[in-house]
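For reference, the structure I am asking about is given below.
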C-alpha cells in the first residue's frame, strides 16, 4: 500500500494519495514537502517509486528491499551521472516483545530523508508511522511539517514504543526471580538462558541504533536543521536509557542464574543430608538388632534377665543422643 | 515550593522570595545573580518559572519535568528565535542507601546554570541544596556568590553525601563476609547477589556523572570561570575515588560469592564424608552380625566354645582398625 | 593453471589466454584492463608472472606464495628503483564449513589490484572466482569491466559464500540445543566445546577481514574510484552482519553449555534423590525386621498374640506415611 | 617534624633547618633550591609552610592535608590574584606488604615541585625520603641538586621499594600453590580469595600512578628539564614491569583457585567412591547372610550337608570377583 | 665474548675482531658500518664498549646491563652535552619452550641501532645472532650490509624462531586434549592450568614486542630507510600471526579445562549411579530376608508349605523388574 502526502512549507496539507506520475512535479517544487509511505508494497510498486520517481542509488534500494538489514545511516551525495538529490538512507528497527514466544520481534523501518521529501518503507503496518501520519494530517503538530521534523517524530515514537516491550520483559524477569527461588525445574533454567539471549539480542539491536542516533545528535548531517539537533539528542538519550535498562536486566539475569544454579546444588546437598541423617539415626538399632540376631549357642546377654530391656534402652538412648547431636548442629 | 534569592556581585543578599513577575527585571540586571530553587513545584509553577521567566528551551524543560533522566549536561546556545541567554542544563543524581531495603535510592537534581542565574529543580527536599542555601544566606561562604560558585558548592556537597551511603554499604559487605563463612542459607546468597546488583547499579549511576564532571574539570564550558575549574576537578576526583571504592566492593563481593559457593559444596562434601564414615565403621559389625545370624544347621563356629567372644573380638578390632585408619588420614 | 583476460575500457573482451610474453605489452596499454588468475600455479609459473611480468615487490610475492597469511591489505607505492606501478595487495579468506568434520576450512584468495590490472592467486578452484569470471566473459555484468569493479564482485561473492557455511553452523547449533536437553553424553560436551572453538575461529577470521573491508569502505585507497566506495561499504555491511550472527551463535553456545552442565549435575541430583528415597522408604521395615530378628530369650512382643500383625501394621503404616510425606514434598 | 635544606645551583648545601620566616627570602633567590620536607607536621605547622611561605592554591593544600587521595598530578599556574609561582602537585603512594596481615599498606607522599623549590609531605617517616635526603646531603649524588632531579630520585627509590613487597607476595603465592594441592581447608580458600583481592588492590594503586608517571615520561611538564625525561621514562618502565608482574600473579591465583576448587570436588568424589566400594564389596555377604537368616520352616539349603560351606564359598568368590572387577577398572 | 665487524658501504667486510681502541676511528668513518656483538661480556668489557666507545646514554646502558627488561624501543637524540650520535635502543625477547619444564624461557636481545653502527648485547649465545653473522660474513646476503638491514634480519630470524616453540606447545596441547578425556588425575589439571599460564605469559611477552615492531612497521624512525619499512611490516605480520595462534591455544585450553572439569563431576555422577543401582537392586532381597528373619512365634508364612519358594520367587521377580526398569531407563 502506498500512502502519499504533500505539505506546503506553511505546514498545510497540499494534496494526498498523489498519483505516481505527479510525484516528480511536486518533488521539483521546493515549496512543497512530499512524504511517500510504502507499506508492504509489491516489488514493482516499490521499484517504480524508489527508482523512477526518486532515482535513489541502486545500493540503497537494494538494502531497502532486502529482507533484513542492520540499523545504519548512509549519506548519499550525487556524483555527476546521478539523478537524485542528496539524501540520507536510514535503517532503524522497532521492537516488539511477546511473552508467549518469549522473543523480541523486530520490524524494520527504512527512511529516505531528503531536503523536501521523505520516503518511508516498511513490510507491515507500524504503529509509529500511523501515529505520526495522523498527527501530521490532523494538524495537532504545531510545528512546520518539514522532512527532518517528521523524521524526528517517527524516530521518537519508535523509540518510545520500546518501553512497553521492556516493561513486558521486566515483568518476565521479576517472575523468573521468584520462580528461580521456589521451583527447580529444567524449564526455569531454559527460560533464564533464553531470556538472557533475548536481552543480549536486544542490546545487539540497540547498539547500531545508538550509533545512528548519536550521529544525528551530533548534528553531523546538513539535511537536519541545527535547531532540530537537540530533539534528536533527546531521542538518543531515550535510547541510551533503554540500553542502560537492558544492561540492568542482564545483571539481574546473571544474578538469577547464579541463585538458581546454587539452589540446584543446594537441593542435592539437602537430599544427601537427609540420607545421612536417616542412616546415622537408624545405625544404633541396626547394630544392636543385627548383633543379637546371631545364633551363637553361647551368648550370655541373650539369657540375662533384663538383657532385652537393656538392649532396647541402649538403642533408644543412643538414637536420642544422635538425634540431639544433630539437632544441636542445626541439621534440621 | 519555590525559594528565590538575588545576590549582588559583591555577594550581599539583595532580596528573597521574589515575586514571579519581578524575576525578569532582576534577571535583566547584570549586577545581580538570581537563584531560583524549585522544590517539588506544581507543574504550573514549574512551567511558569521555566518557560515564562527564563524562556528555557522546551526540551530541557521536558527533561527537567520528566520522571527520570540519566545524568547529563547539555549546553544551550540561543538561535535567532530563542529568547533565552546561553545556559547549561545539568542532571545529576544524589544517592541514598538504606540498609533496610538494601537499595540505593537516587534523587535527581536538575540545574539551569546561566551567566547570572541558577535554577535548581528537585522533587523532594535535598540536604545538599538546603546546606548550600544556608551557607549562601548566612554569609559563611567568603567567596562571591556567583552562579558557577554555587553550582560547585551544590555538586561538592552532593558528591560528599555519597560517602555515608558507601559507608553503609561497606558495613553491609563486611557483615556478609562473616555471614558467608558461618551460615549457609538461601538468604545469604540472595543478599550477596542483590548487593552485587546494587553496586553495579551504583557504578551505572556514577558512570555518566563522572562524564558530566570531567567536562567541567576540563574547563570545557565558558559559563564556568577558569579559576573555578580546579574546584570542579576536585569534585571529579572525589567521584573518581568513589568509583574506585565501588570497584573494590565488586571485587570483595565476587570473593565472598566464591567463598560462599565453595562452602556450600564443601558442606555437602562433609555430609558425604560422615555418611561414608558411619557406613565404613559399622561394616565389620554388620557383616559378622548378619553372617552368624544365618540358620544353617551345621555352622561349626556357632557351637565353638569361644565362638561368640572371638566374633566380638574380631568385630571390635576391625572397627578400631578402621577408626584408626581414618583418624590417621585426618578425616575427623 | 593460469587464466588471463584483457578487457577494453568499453568493457569488451579484447583477448583471452594471453601468452606470458605478451602480457607486458598489454599491460603498457592504458586502454586495456588485464586480469590474470593464477589457480594452483607451479612455483615457477607464479614467479614468472608475479616477478617478471608485474615486477611486484618481493615481500608481497613472498606473502602470496606462503602457505597461510592473515587477511590484510597493503599499499605498495614504487620507490625510484622499483619497476612496478602502484598496487594494493589484499589477502582475503573464503570459508567453508563441513558438518562432517565440524570444522571451518578457509581458502585464501590473494589479489594484486592495480590501475589497469588485477592478479588473483588461489591454491584451489574457488567458486567466487569462477562465478565472477563467467559473469565478466558472458557480458551479464553491465558495468564497465574495471579492476576495482571486478575486485568488488570478487569480494562480494566471497562474502556471500559465508552464508551457506553459517547456515550449516546454525543447523548444527539448533541440533545441539535439543541434544543438550535430552541426552547426556561426553560426545555432546565435546561437540559444544568444539563448535564454540570453531565460532571463535570464525570470528578470528572475520576480524582482520572486517578491517580490510572497512578501509575500502572509507574510501582510503586511490586505486578504487569514489563512486564504487558505497559498493565496498555494502560488502563491509554484509560482513558486519555475519560477525553479528557469529556473536549470536557464541551467546547461544554459552547458553547451551550452561544448560548442559546444569543438566549433568541435575542428573546426579536425581540419582541421589532416588537413593535417598529407597533408603528412607525401606527404613521402617528394616528396623522392625532387624529388631525382632534378635534372639533374646525374653522378648515379650514375640509371643504376643497379635505381635506379628502389629509389627506388620506398624511397618506398613510408617512406610505409607513416609511415602505420602515425600509425595507431598513433590519428590516424585 | 619539618626538615629544610637550601642548595646552591652549584649543588652545595647552603643552609639547613631554616627558620620559617627566612624561607620566603631564600625562595626569592633564584640561585637557591629550597627543599622543605614535612614529616607528620601538625596542622598548624603544615598550614604555616604551605599557605604562608609558599602561598599554594587552597585546593592542593586541602588535598595534601586530607587523609587519603588517589595518585594524581596537577599543574597549577597562577591567575592574576595568586601569589604562588607555577608548580606541580603530585600525590604518589608507596606500598608495603606484611605477610602477617596479608595486606598492602600504602603510604602517601605528596610533592609540590616548583622551579626552585620542592615541598614533600608525608604522615610517617618514609625510607625513600630519608635515603634521598642522605644522598643529597652527603654529596654522593654527583649531579646538580635541582628540584626535578630530586623529585626523580624520590620517585625512583619509591618505585624500587615496590620490589620487596612484590617478592613477599610472590613467596606467599608460591606457598599457596603448594598448600592448595595438599590441604583442603576453608583457610586456604579464604587466603586465595584475600590475596587475589590484594593483588587487584595493588593494580588499582598502580593504575593512576602509571598515568602520573607516563605524563612525566612524555615530557609534558615544563618544570622538568628535557634531559631528565628519559630518567622519568625509566621509572615509568619499572612501574610498568611491576604491573606486568601483578598481572602474572593474578593469572597464577586464578589457576590456583581453579585447582583448589577442583580438588575440593574431587575429594568428595573420592569419598563417594569409597562409600560405593564398601557397599558393593559387602553386598554379597549381606545378601547371603540376610537370606539364610530367614526362619522359614522349610528351607532345604539350611539342612544340606555342605550348605554352609557352599554359602561361604559363594560369598567369598563373589566378593573376590567384585574386588577384582574394581581393581581392573582402576578404582584404587 | 666480543665479536666485531666493519663493513664497507659496498657490503664488503673491511675488518674483523677490531681492537677496542680502533673502534672510535672506524666509527668516525661514515663509509663504514660497524657491528659489535657483545655475548655475555664481563661488566667491564660491556661498559668499556658502551660507554667509552659509543658514549651511549647512561640510562640505556643501565637497561642493557639490568637482568630483565620488558621489550621496548627508545629513541635517543643527543642534547648539547651528549657525545653520542642519534640511536635507537631496542629490547626484544627470543622465546624457547622446553616440554620437559613446560615453561617458556625468554632470552633478551638488546640492540643499539645507529646510522652506521649496530651494537647487539645478549647474555647467552643466540641462534638468531649466529645465523645473521654467518650470513653477513659469507656474503650470501646480496643486499648491502647496512645497520637497519642487519637489524631487520635479526628481528626476522628471532621471530621465525618462535615457530618451533609454538609447535612444541601445540603438540603438548593436542596431548592434553586426549588425556583430559581419558584419565582423570590431579596431574592433568595441574598441567592444563600450568600451560594456560604459559600461554598467557607468551602473550604477555608478545604484547610489548608487537608494539615495538608496529612502530617500525609504520616507518616511525628516521634511522630505518623507507624502502625497508615493508620488511619490518612483514616481521610484524609474522608476530601478529603468532599472537593469533596463541589466542587460539588459549581458547583450546579453556575448552579442555571445561571438558576436564565436567568429566570430573561426571565421574562422581557415575559412581553415585552405581551405588544407587546396587542399593536398589538388592533392596527386595534385603527386605524379604530381614522380614522373615524375625522371631515372632506366630508368623504363619513361615510354616506355609511353599512359603520359602514364594519368598524366593517374589524376591527374584522384584529384582528382575527393577533390573529391567533401569535397563529401560538406559542406566547402564
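Here are some notes:
Read from first to last, the chains carry the letters A, B, C, D and E; within each, the first residue is number 1.
Just so we're on the same page, a contact is a pair of C-beta atoms (placed from the backbone, for glycine too) under 8 Å apart; a residue touches a chain by one contact, two chains touch by 3 or more.
Predicted, not measured: the structure shown is a model, and the values here were computed from it.
For the pair subunit A and subunit C, there is no chain touching both partners.
In this entry, subunit B maps onto subunit C through a rotation of 145 degrees when their C-alpha atoms are superposed, rounded to the nearest 5.
With each centre defined as the average position of its C-alpha atoms, the distance from subunit A to subunit D rounds to 42 Å. Between the CA-based centres of subunit C and subunit E the separation comes to 26 Å, rounded to the whole angstrom.
Residues of subunit D found to touch two or more other chains are 265, 268, 272, 275, 279, 286, 290, 293-295, 299.
Contact ring, oriented from subunit D toward subunit E: the chain order is D, E, C, A, B.
Here subunit E touches subunit C in the complex through residues 181, 226-227, 230-231, 233-234, 237, 240-241, 244, 247-248, 251-252, 255, 258-259, 262-263, 265-266, 268-269, 272-273, 275-276, 279-280, 283, 286-287, 290-291, 293-299, going by the rule given at the top. Subunit B meets subunit A in the complex at residues 57, 59, 62-63, 69-70, 72, 74, 76, 79, 81, 186, 189-190, 193-194, 196-197, 200-201, 204, 257, 261, 264-265, 267-268, 271-272, 274-275, 278-279, 282, 285-286, 288-290, 292-295, 299, 301-303, 305, 307-308, 311.
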